[in-house]
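Next, two complexes with chain A in common: one pairs it with chain B, the other with chain C.
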Partner chain A sequence: MIRFALRRILAAIPIGLLVTLGVFALVFAMPGDPLRELAGDKPVPPSVLAAERAQFHLDRPLLVQYGLYLKDIVTGHFGETFDGRDIGEQLRLRIPVTVKLALLANAFQFTAGMLFGSYAGFRRNGAVDRLLMLATLFVLAVPFLVLAFAAQYLFGVQLKWFPVSGTADGFPMSYLLPAMVIGLLSFAGLARVLRTSIVETVNSDFVKTARAKGIGEQRVLWRHILPNALLPVITFIGIDLAGIFAGAVLTESIFNLPGLGQFLFQAIQLKEGGVVVLLSTLAFISFIVINLIVDLLYGVLDPRVRSG
Partner chain B sequence: MRRSSAALGLLLVPALALGACGNGKSATPAKSKSLTIVITAEPNKTLNPENGNSSADIQVAEALYAPLVETDPASGKLRNVVADSITPDATGRTWTIKIKDGFSFQNGQALTARDYVDTWNLTAYGPNAWKNNGFFSKVDGYDALNPTAPDGQTAAAPTAKEMTGLKVVDDHTFTVRLKVPFSQFGLTLQYLGLAPLAEAVRKDPKAYDHKPIGMGPYKLATDEWKTGEDIKLVKWNGYKATAPQADKVTFRFIQNGDTAYNEFLAGTVDSVQVPSTKKNTFKTDAPDRWLVSESAGNIFYFVFPSWDPAYAKPELRHAISMAIDRAAFANLVGLAKPASGLVAPGIDGQRPDACKYCTHDAAAAKKLFDEAGGLSKPMTINYNSGTSTGQTYAEAIGNMMRQTLGIEVRYVGKPGSEITDLADKKSLEGVRFGGWGHDYPSIEDYLTPMFKSNGDANFSKYANPKVDQLLAQGDSQPNPERAIQLYQQLEDICLEDMPLVPLYHIQDAYLAAKGVHPRNSRYTGVSPLWSTIDR
Partner chain C sequence: MTIDLDGRGTRSLTPGEVLLEVENLSVDFDTRHGRLRAVDGVSWRVRAGETLAILGESGSGKSVSVQALTGILEMPPGRIVSGTARYRGDDLIAMEARSRRRVVGDRITMVFQDSLSALNPVQTVGRQIAECFEVHRGLSRREAMRRAAEMLDRVRIPAARQRVKDYPHEFSGGMRQRVMLAMALALDPDVLIADEPTTALDVTVQAQVLELIADLQTDRQMGVVLITHDIGVVADVADTVVVMYAGHVVERAAARELLDHPVHPYTEGLLGSIPSADLKGHDLPTIPGTPPSLRTVPSGCAFRTRCPLTVAECASAVPPLIPVGPGRETACIRRTSEVPGVTIPHSRLAAGGA
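Coming up: the complex of A and B.
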């Protein structure tokens, strides 16, 4: 198992370099001059502009810039953003915010997904099953922005159950509403995967064998059907958890949570290659780690895929 | 198999527990004489006033520091704050600034002329790359601190650390010698980005970025302002001039305007600026709790390329201007007033009907357009693709052009800095949008940037020796009334030449909690910090 994990991690390094270089090149190719964009219509004295360009390596060619940023990441000297924020400090403040949001959102997604998915799976074509189908369509049709602001207005402004925005109320209070909104928008997908998986498992031979042997319904459900039906769900969650990083951009903006999503958005807007590379490296690492865990977990759950 | 179902159970429990707790406290607005003001922007990076020029920077600096002079919100005239007197010599080139006795920094250090001179030298020193560096480019000796180099080359190190134009006379007096006479210099001194830094701060500015030593009405409530938190201020008893009413002021940063608006509706904050998305609904969402500024000190326009012979005839430009229905356009922008001159309302010397060609008259426009020979090619309208409204505005103008003048119109969206770049190289095809907000309330701060041959906002690269000459005359005219007459003469020339077409002035709208009345002046705009509080 350790050899498997090591092999995966080593293979990830060149992929990671390629991905971040690609992202950096894309940012590099974006039109516009970030330092002048920052200044708006007001002219910047050439001496100030030159000092800033040198500070951020903007006077160097693409590959050299990328190399310098990579060196900064490896050595931990993150430096400052174009508009003068300390990047290390920003990361210390922002990573916990996004992690809390992502975990809580996944908890909601997982809870709702499991409940509705398994119920719909066992009671096929029942009311819950049909409702789930409807919910999936609804979620696909309503833009996230609309739902998030509607939830904020209803639960924050009108009912005052939750703070409207910000992190002043701490964890979990400040994170509940945004996490529920993300959870609501993503549980339906999970539930449908689980439903399908259960339907398949229920009709499989080993379940029929178990029933034929006279094992009780409860035992068949908990020991034979669910664990097998959960396999695709775990893969789904692994991919989804990483995807929440992308969703964080909007959620964090609407609920004024100072997390990585807002940071990434500002960095892209300002064409800030160094920060984008740093954040995509972080995203990449967490993606690799989560999926490694998923794969290892897979082996634990299903002896058939366990590798020697 | 047993393990997996146990794991499932473990995951479910905390999630359900979290889902169950619902009704939480939400922060109640601090009553009495305290204010929570939302700034709809990214948080400040530093509380060093010399290294910040965004509106968020200036709003916070207004609480922590005091300006030399300020515009009286009631009369629009300049009055002293820290300054005792500000007097130009006969030509308006050398200015003597005396400061009042009794002002000090919040660490106890007395405020002296030396603090201003040393702080300004530090800001003007190019390698520091402080945001307000450009302000001092008018001062004698600035160039030695800011050597320039052609593109692609590194500039040489500055040869000096102090500007020759700044001189300390005694503890309370210093002089500023400018490169050329400038009658409006006194007005520019109300800028809060010029606030002095205490001696301790000047020795190691970075160390004080988050724990400023101010000299204004408020000081930090805590030892240090931590990134990511609200800026909490309390009244400082050592302040010797008139202070705002609030005992405590909290600045909260919410970048998303709609979110900030919802916070206000929930009653958690005392004042918020209305985002453009709510311009049609704010009066019903918060009845009796809104206010709209009479002027916000800006002008928006579109600019002809002076380098393109197709737009060379002034009559053609007049016709295009007359084809625009400004009332309809201002309505589209929302919270805007149609422009009828080059200067924002509320500015000394502004005339409500300065522009002869800013009245919508479709028939006359078409006639004039045809007489001038029409446009030899389609009109290209450039807009900033980085804004949500750019395209809408471009199409609105384009439709007026097509319908009234019967010409073909093309739309091109580009990032703002690229449009500026192309215009700088005189290679931008077609017209573009532009705007200018004054740094100090003077008619001069509209005309110089927009029309001087190397002006900051001279996007059309308009160059007219007569204009430059009149500006120089106005700038060296010590009598304010005479200076304004010269500037008005200049405004007439620019409107006749029309290198740009004035469109509208944006107004600000604010929401303020019951019992909180932000100051609303037709000269200085809306200020939540200077609210009257009666609750």
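Coming up: the complex of A and C.
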């Protein structure tokens, strides 16, 4: 198991380097001089500009810049943002925001997905099943931005049930609305995976065997159907959790939550290469770690994977 | 209900006692194409110590009939239209699910064809066997596991004590079928229903599994219902045979008699091309034509479109099973009406003898 984990991590390193380099190259290629834009109309003495360029490695070619940023990350010298904020401090403040949002959104997604998915699976072609089909289509058709702004306007501005934006009301109040929007947009996928899986499992031979053993329906459900039906769901949740960061960029920006996603959004706007490389590295690491955990968990729950 | 289920104290079986008696069982399926009759008026019985083989081509309703009477058929789409299945007098079909579960799984158990898909892939085989002891005998988990290991040993799985902790995919096909048997025989059932238990196995392993069933059967006068395609299996182990075609029983006879003198043209076709010494391991030989789809079952005798003896009257009514000798019945007007009163044509008996 440890060897498996190590192998996976080692294999991930070159991919991670490529991905973060790609992201950085895109930022690098954006037109304009970030420092001059930051200064606005104020005239900046060329000597100051040059010093700052050197501080942020902006005077170097692309690959050297990237290498220097990586070195800063590996040695833990995160440094400052262009506007002088300590990056380490920013991470400390922002990581909890994103984690809270992610956990809450997943709680919504998970609860709704499991409830609807299992209900639809056991009552195939019933009302809930059809409703779920509609919901899936709806979610596919409506872009995230539209739903997010609509929810913000309706429940925040008009009904005033939730704060419109910001974290002034703390956890969980400030996080509820954005988490529900994310949850609403992703529960249907989970529900469908679970539904399909249950439908397949219920008709499988070993469930027939279990019934032929004369054990009660409850026991058939909990000991035989669910442990098998939930396997694909674990993979789905893993992929989903790993994608949280991508969702966080949009959500945190719309609802003005000071998390990592918003940080990344700002950094891209300002062409802050160092921060972009740092955050995409973080995102990639969390992606790899979550996937690894899911795979290990899967191995524990499904003996066929373990010995294969 | 008067079934003694406590502890290991299962009532001893009197040889020859009728254990399970199915009468006039009919099962429909509601499908998009309307209602289909998969099993039509099937009757048979199995006695203590006896092995009853149900023989027939694919789709003839063998599995559906036994699944219907044990209550594990999916309903809907399935529906039991008529019939009784009496286990020592108590009708399983009329019974409430709760009482039926005390019989099916305890006194009547089942083994299925594909042991890989028929075992729960994420539970150890030990737990799956132990579950029977826990649910029906109220044993503790620990004690149940110990008994599960004993069962694996009884079906001759080497190193049984270690292997209880293995998962189904870690066994070979033949070993897995033994695991299924261990599970089905754990509670010393009165009747074992084995639905093509050896079809997926190669011939040697097949023989071992059948031998194992036979051994365990003689220990306790268990009744065995064996569903099969394989005439060799019938020749080896069956006492009585029921031949099914398109949901109907078309012939019923003692195994030896059926193999030596098949009366129904369908049975004859099944046996026709193989000399009986050479039956072992043979699948059913093909009869010209294909079995009818349930949607297009011919009127009257379902076999008439493939039958060499067919005449106009065959289309008019479903032929009833008519006695053609002691303990023998056949559903064929061509073979039962030739000599009114007397049944099997003499010419046929003479030809088949010797």
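One rule holds in what follows: the second predicted complex is superposed on the first by the 299 of 308 C-alpha atoms of A that agree within 3 Å, B and C clash if a C-alpha of one lies under 4 Å from a C-alpha of the other, contacts with A are read in each partner's own complex, and residues count from 1 in each chain.
To be clear about the criterion, contacts are C-beta pairs under 8 Å (C-beta built on N, C-alpha and C of every residue); 3 or more make two chains touch, one makes a residue touch a chain.
This is a predicted model, so every value here is computed, not measured.
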Do chain B and chain C fit side by side on chain A after the overlay, or clash? fit
Would you sort A:Arg304 into first (chain B), second (chain C), both or neither based on which partner it touches? second
Put chain A at the vertex: what angle do the Cα centres of chain B and chain C make there, to the nearest 10 degrees? 160
Classify the contacts of A:Asp205 with the two partner chains as first (chain B alone), second (chain C alone), both, or neither. second
Considering only touches as defined above, state whether A:Lys213 meets chain B (first), chain C (second), both or neither. second
A:Arg223 contacts which: chain B (first), chain C (second), both, neither? both
Now for A:Val146: first (chain B), second (chain C), both, or neither, which partner does it touch? neither
So, does A:Ile2 touch the first partner chain B, the second partner chain C, both, or neither? neither
Residues of chain A touched: more by chain B or chain C? B
In whole Å, what is the nearest CA distance you get between chain B and chain C after the fit? 7
Would you mind listing the overlap between the chain B footprint and the chain C footprint on chain A? 223-224, 227, 301
Please give the residue numbers of chain A that touch chain B in the complex, ascending. 31-34, 36-37, 40-48, 50-52, 54-55, 59, 83-86, 89-90, 93, 104, 107-108, 110-111, 114, 149, 152-153, 156-157, 160-166, 168-169, 172-173, 176, 180, 222-224, 226-227, 230, 253-256, 258, 262, 266, 269, 300-301
Chain B residues touching chain A - in the complex, by the definition given at the top: 1-5, 8, 11-12, 14-16, 18-19, 21-27, 42, 45-46, 51, 53, 126-130, 133-134, 137, 145-149, 152, 154-155, 158, 227-228, 230, 252, 254-256, 258-259, 262-263, 265-266, 268, 386, 414-418, 420-421, 434-436, 456-457
Of all residues in chain A, those that touch chain C in their complex: 203-206, 208-216, 219, 223-224, 227-228, 231, 301-304, 307
Quick check on the complex: what are the chain C residues that touch chain A? 67, 70-72, 74, 100-106, 109-110, 112, 114, 117-124, 131-132, 135-136, 167, 169-170, 180, 183
